[in-house]
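My questions all concern the structure below.
Note that the chains are named A, B, C, D and E in the order they appear, and that numbering of residues resets to 1 at the start of each chain.
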Amino acid sequence: MGRITAPFGPQHPVLPEPLHLNITYEDEKVVGLSPAIGYVHRGLEKTAEKKEYPENVFLVERVCGICSFMHAMTYCMGIEELMGIEIPPRAQYLRVFYSEISRLHSHLLWLGLFADAFGFENLFMQYWAAREKILDLMELTGGQRVILSSCAIGGIRRDLNAEQIDTAQGVLMQTEEELKRINPVMLNAYTVKQRTVGKGMLSREDALLYGAVGPMLRASGVAQDLRQTGYAAYRELGFAPVVETDGDSYARALVRVRETCQSIELARKALERLPEGEAAVKVKGNPDGETMQRVEQPRGELLYYIKGNGSKNLERLRIRTPTFANIPSLLKMLPGCEMADVPVIVLSIDPCISCTER
Amino acid sequence: MVKALMVVLLVVIMAPLLGGLLTGIDRVLTARMQGRVGPPVLQPFYDVLKLLGKEALAANRRQVAWALGYLVLIIASLALFCLGGDLLIIVFTMAFAAGSFVLGGFSVRSPYSHIGSQRELLQMLAYEPVLILLALGVYLQTGSFMVKDLFHQSQPLLASMPLVFIALLIVLTIKIRKSPFDLATSHHGHQELVKGITTEYSGPYLALIEVTHWYELVLLLGLAAMFWTHPLGAGILLALAAFFIEMVIDNICARLTWNWMIKFTWTGGIILCLINLGVIWVLRAGGV
Amino acid sequence: MITGKYLVAVSIWLPVAAALLCWLGQSYSLRNIVSYLTGIILAVCALGLFLSGPFDYQPGEIWGLSWNTAISAADFALLALILYIGWRQRHKLIIILAAIQALLLICFDFGLGGSEIEPVPAFAVDHLAIIMALIINIVGSLICIYGVKYIAEHEEQHPVAKSRQPRFMFWLIIFLGAMNGLVFANNLYWMYFFWEVTTFCSFQLIGHDQSDEAIGNACRALWMNSLGGAAFALGLVILLRYGGGDYLSMQYLLSHHTAAGATGAILLAVSMLVLAGMTKSAQLPFQSWLLGAMVAPTPVSALLHSSTMVKAGVYLILRLAPVYAGTYLSSMTAIAGAFTFLAASVLAISQSNAKRVLAYSTVANLGLIIACAGINTPTAISAAIVLIIFHAVSKGLLFLCTGYVEHEIGSRDIEAMEGLADRLPAAATIFTIGIISMFLPPFGMLVGKWAAIESAAQLPLAAFLLVLASAVTALFWLKWLGRMLEGRPGAIAQREIMDSHYIASLGGLTAAAVLLSIFIGPVVNSMVTPAVTQYYFSPGLEANLETIAAGSGGLFSVWPLFILLALIAVAAGFLYQPRKVKNPPVYLCGENAGLPESTVFMTTGENMGEVKLSNYYFTGFLNEARWSRVVNRVGLIMILLLLGVTLW
Amino acid sequence: MELINKSRVKSPWLLHYDGSSCNGCDIEVLACLTPIYDVERFGIINTGNPKHADILLITGGVNKKAARVVKNLYEQMPEPKVVVAVGVCACSGGVFHDCYNILGGIDRVIPVDVYVPGCAARPEAIIDGVVRALQVLAAKTDKEAVV
Amino acid sequence: MKVDTIKTSPEAIVASAQKYFDDGCRLVAATCVEEGEELRVIYSFDRELSLENLEISTPREKAIPSLTGVYACAFLIENEMKELFGLEIDGLSLDLGGRMYLVDGAEPAPMADHNKPKAKEDEKIG
């Protein structure tokens, strides 16, 4: 019988970012697939070698505009380790706060896009309306909506004052209420379940074989969240990963929905227990040696390899982003699915191509 | 004859105005349901006027001819409807119109418009039986397939055919391209199909299709209004209520797949019709 | 009716003579001339019959023997031939069925009545027969003209040691004679003879290519139709035994059972004849012979599907409709027909072989016609006749066009026909008209279907099946048509040169499809209405037919729609002016490779990929073999029920 | 004609393409569609299909692979059309200007009519950019009318 | 400071990776670092949230075996190293031929500085 071959992306209304899949369909079933990326590859790792190491904080923030804070933080953590800098506890707690609101905004963004992928426009609008409050909060505390530039080597660039903390607490509470109203639709609506349950199955074994990370891995029943390692102030705040076992798109949505609630809780706890003191320490000297840093980004495990040589310039900066690790599992999940499920499954990994290609 | 021509003329002029306005209201109300302000009510007219002024792009003459066929045949079915014609013929003419739209999509060697056409065909497969069963129901109830004979009925059709009306609502969802059945042309953006059949139409040709959708909307709401002919005002209210229900459905549903659509209409929709027709048939047999 | 008599004789004997000439003459140009001449004369004969109106005719004696005896002898000879074939092919079913028929005939000729049989008029040319004659002699002749050229090309492509063209033309043309005899026959015994001749002709034609597949399928056609033949013979025996010699006259049968419907043994005999008709029309579960027949060269398919063979089946069923009106047999026939309509339409969706799609569509439409016969109201009967006429024209056209395209592009696969509109614009246009005329307004088939559904409102189950089937029909036609219309942006249509035989036949049938639909009013008034009013006299009938004819009642006059269609074609010319419209490449997510072939795109590893398109066939769900088994079982149950209700 | 020109500025349909951006501007473009900013108020629709679009909105600089895509999309849009470069990267290449795979701003590949600054560009700035693009669009059509 | 690694040889890397796979460890990343003439590749595995690294060194022109036979996900990582550093890899399950990120005509191995003195000088001037 005949088959249909057509490109899916790079420019495609359902894809927020350029990703190309050359898909072969039989009727509407996906029977063949080959991926292509490279539309966002800039060569950022190389550029980082040319810049001075403090400048790189701003560069790595732009690896990805959605989780830019996490990139900056991981980079800073690496440099701090190389230079033996101990950052003040207040900065550790603030890093948790910023990480968690970044995660919150990223997950809300994803939930909206996911809803859009299966054609639920209203739900998309609801999630993004809720997300705007978080962006306001970011603007209030960091001065920018998406790229915060709050993180600096040695701590946090701008400390929060009491009023800001109050506002933040209020916004977080409000968002929690809002999500209580919206989440049931994502989790219980019949039409949503029809489109997500059982779509893009990834078993625990396959998740390991294909190297999935983050919510993908956790939705397949592996309880791995790097926040368990207790970097920043996570050890003090207490943390248990969110795990689901079904391994389908619905489970991934469920993991992220539960993580939004967890993030709100963690962010509020961080603010409540925020120690007094300085938010940053002064930095002197140049990094020397090599280190690997891992952080749990909204999309999963982020790894930075930094190698300095005692000069202002780094010898090598290597960034392995979570989407880079999650893309291979698409090759496992897509074949055999319906054409209409392609966007749902592609989005279920929460692709961040900009991260992937750097 | 002259009267009939007048009616046709009136339909040709008034229907798009009405249809465009309804589409505008739809867009505003949908925006409100999503917590937005939404566009001006006259937005659809701006859109179409703008499209008329754009550069014409097309693959070949066939593509344009079928789009035009879609428009003309929908107008023809609407005119037949307003003249009180035979429901079956109206349904068949609508089928030709939809077929013409499908062929327009097929006329370009483009994957997205091709798949859109295949999906539109499946949509036809889904709603066509319900529409014909609706006509049969009208016949069983009134002894005639003619729309004009409905006006001789004292009792509204809704009273005897409530289930068929519900089935018609399903058809309406498919035909006016609302979630969960917005499958073939992606009325709302962000779909795997890009814009489905309309992907390869642009400028004035797209305007043609937009206007056709308006005519079609009026025709479909006319079918809904048919369920309450005395007084006609009630029928119009019924149609508007149906339209509003569609908007709500659109806003509380994810888009589903074609497999689901076929299963749903061929079981749910058709069974609703069958039960309803069965009851009418038994009652009639018993009554006589 | 002196002239009428000659016209009948010419209609039957001329094809025989022409066929012999083709066989003996061996030359292409001779076959060419013969086919054209025969075609013209036959068409004139049919028109003559149409003008002369109905009459009865009993031929005299031949060489001192009564014609009845001659027919008897020929019957036995034919059966002997079939037995011989069965023996040579080692095909048990053929042998058994032929033997049963022979036994029944022996009973008929010698056991019962014998010479006491009242001679009934051999031929009765009524309005229905005239309609059939027009179809056979005009559509059939066009197919023969087409066949001359086609089979010559066919042999170029599949060379054989000794040319089989003369043999092919022999069977093709003689088929027309047999069909003419069949439709004119009033004496059922004569009809049975012609019935068997058509079976035999189709066997010869299906097996033409002599491949194993062809012979196997020919044998299948032979045994299935022999089953029908046996049912026919059994019907005859029952009629003779329980009714008497008079009942062998179709006219007598019809006139004695118009009002209340037949009962008892007569009804049983009629049900046997209906069964025979169903096998011949390839109704479920007998559809497989017709599908198998697709291995034959395309003119054969065209002939079998449009004007001969399968039409003989529906003709018989329709003919007998007044006899079983109002009985359960009638309702069961309607339901069985409607079920076939649905099942065959669904199966057609899963096919990518154009000829198989056409075959399933034929099975489906014959089901619809039989359903109409079973619904058995005057409107339904009119619908059935309208469907027979228009189906013959459109289906003949589609088959011939498929054959033509197959020779041009070397494939009969729908997927291979993509972009035909730019490669073979004329063929694509013909296909467009042909396909649209099969199921969309304002063409005749749709008018028939419309009348069918309107009248089916009386019989809810049949109506329901018809409604579903009619929705399914659109799916497989449109997706096929869509593939052919596909074009790359800005592609310029190639010039197409068509052979004169093809121009004559395809052009003639296209014109017929359009003109008959435009003038459907006169067609109905002058042909269909008389055919129906012959046997049906019910109040309100005239009004019903008016609706179809002029449509004033139904506000459906075909003219405005035809005018609109013409308008669309003209206006599209204005709307799309090649010089003013740009043809950018199709949207490929921005990855167009920038080549003139606008469907090449850049993909993985900076390689080029090309867009491939295909129809949906739902093969996962619609597995033909599995579904055939299921629907065949249901079909069989329906047939058994059909016979059962008669006995009960 | 007058009516059509008026409608043109009331119904701008967008095509958004993510060049080689960091997503920051992208999500801001999407944010424009959502309840707080709701660009549909101005009749703006995000079509996702170049053949329906009037305004090409590109975020991020352009790398060698994306250049082809951007050019294709631009060429498939029917006239009259305008291009808006959103964010500093789309304007000049921004922080990535000296990366080895980056060609620079969008204007290296296609003509740009409106430049929207910002890293990331704020929704208000994007809307303002689109409004300016509409003025360009109107000017373009006036010029055409004169010619 | 140095990342803890276990040095191994390119020949043994597949077998070692297989051992990690059998222990249920995840392949986190492979990092390619240019060290003079040689390329150093660090394979990072995750064992219960702690990183374990294997390290190999290879001359630029000598091909190393692919891990795609053990970890399906390795194809993306290895294609990237191949493309950006010019590292040859044998047995890639899906070889994008150095055209994952780059287009035809682009400068090969843009991440590798070695053998590209000219490019360096340009930078210094810049």
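Keep this in mind: a residue touches a chain if its C-beta (ideal position, glycine included) is under 8 Å from a C-beta of that chain, and two chains touch if they have at least 3 such contacts.
This is a predicted model, so every value here is computed, not measured.
Chemist: Work out which chains are contact partners of both chain A and chain E.
Modeler: Under the touch definition, chain A and chain E have C, D as mutual neighbours.
Chemist: What is the shortest path, in steps, from chain B to chain C when you may only step between chains that touch?
Modeler: 1
Chemist: Tell me, please, which chain's centre (mean of its C-alpha atoms) is farthest from the centre of chain C?
Modeler: Computed centres place E farthest from chain C.
Chemist: Going by average Cα coordinates, which chain is farthest removed from chain B?
Modeler: E
Chemist: Give me the ID of the chain with the smallest distance between its Cα centroid and the all-protein Cα centroid.
Modeler: Most central by this criterion: B.
Chemist: Which two chains have the greatest number of C-beta pairs in contact?
Modeler: B-C
Chemist: Taking each chain's centre as the mean position of its Cα atoms, how many Å separate chain C from chain E?
Modeler: The separation of the two C-alpha centroids amounts to 70 Å.
Chemist: What's the distance between the Cα centroids of chain B and chain D, rounded to whole Å?
Modeler: 35
Chemist: Please tell me the distance, in whole Å, between the geometric centres of chain C and chain D computed from their C-alpha atoms.
Modeler: Comparing mean C-alpha positions, chain D is 60 Å from chain C.
Chemist: Pull out every residue in chain B that's touching 2 or more other chains.
Modeler: In chain B, the residues touching two or more other chains are 34-36, 55-57, 111-112, 114, 189-190, 194-195, 199-200.
Chemist: Listing for chain A: what residues touch at least two other chains?
Modeler: In chain A, the residues touching two or more other chains are 4-8, 10-14, 28, 34, 36, 38, 41, 43, 46, 50, 125, 129.
Chemist: Identify all positions of chain D at which a residue touches two or more other chains, and write them in rising order.
Modeler: Within chain D, residues 17, 34-35, 46-51, 65, 68-69, 73, 78, 98, 100-101 contact more than one other chain.
Chemist: Once the touch criterion is applied, which pairs of chains come out as touching?
Modeler: Final set of chain pairs in contact is A-B, A-C, A-D, A-E, B-C, B-D, C-D, C-E, D-E.
Chemist: Please name which positions on chain A make contact with chain D in the complex.
Modeler: Against chain D, the touching part of chain A is residues 10-14, 16-18, 38-44, 46-47, 50, 58-59, 62-66, 68, 109, 112-113, 124-125, 128-129, 132, 135, 144-147, 352, 354.
Chemist: Can you list the chain C residues touching chain B in their complex?
Modeler: 418-419, 421-422, 440-441, 446, 450, 453-454, 457, 460, 463-464, 467-468, 470-472, 474-475, 478-479, 481-483, 485-491, 554-556, 560-561, 564-565, 567-569, 571-573, 575-576, 578, 580-584, 586-589, 598-599, 611, 613, 615-616
Chemist: Once bound in the complex, which stretches of chain C touch chain A?
Modeler: Against chain A, chain C makes touches at 352, 415, 588-591, 601, 603-605, 609-620.
Chemist: Report the residues of chain C in contact with chain D in the complex, numbered from low to high.
Modeler: The touching residues are 582, 584-585, 587-588, 590-592, 594, 602.
Chemist: Which residues of chain A touch chain C in the complex?
Modeler: 1-12, 20, 22, 24, 26-29, 34-36
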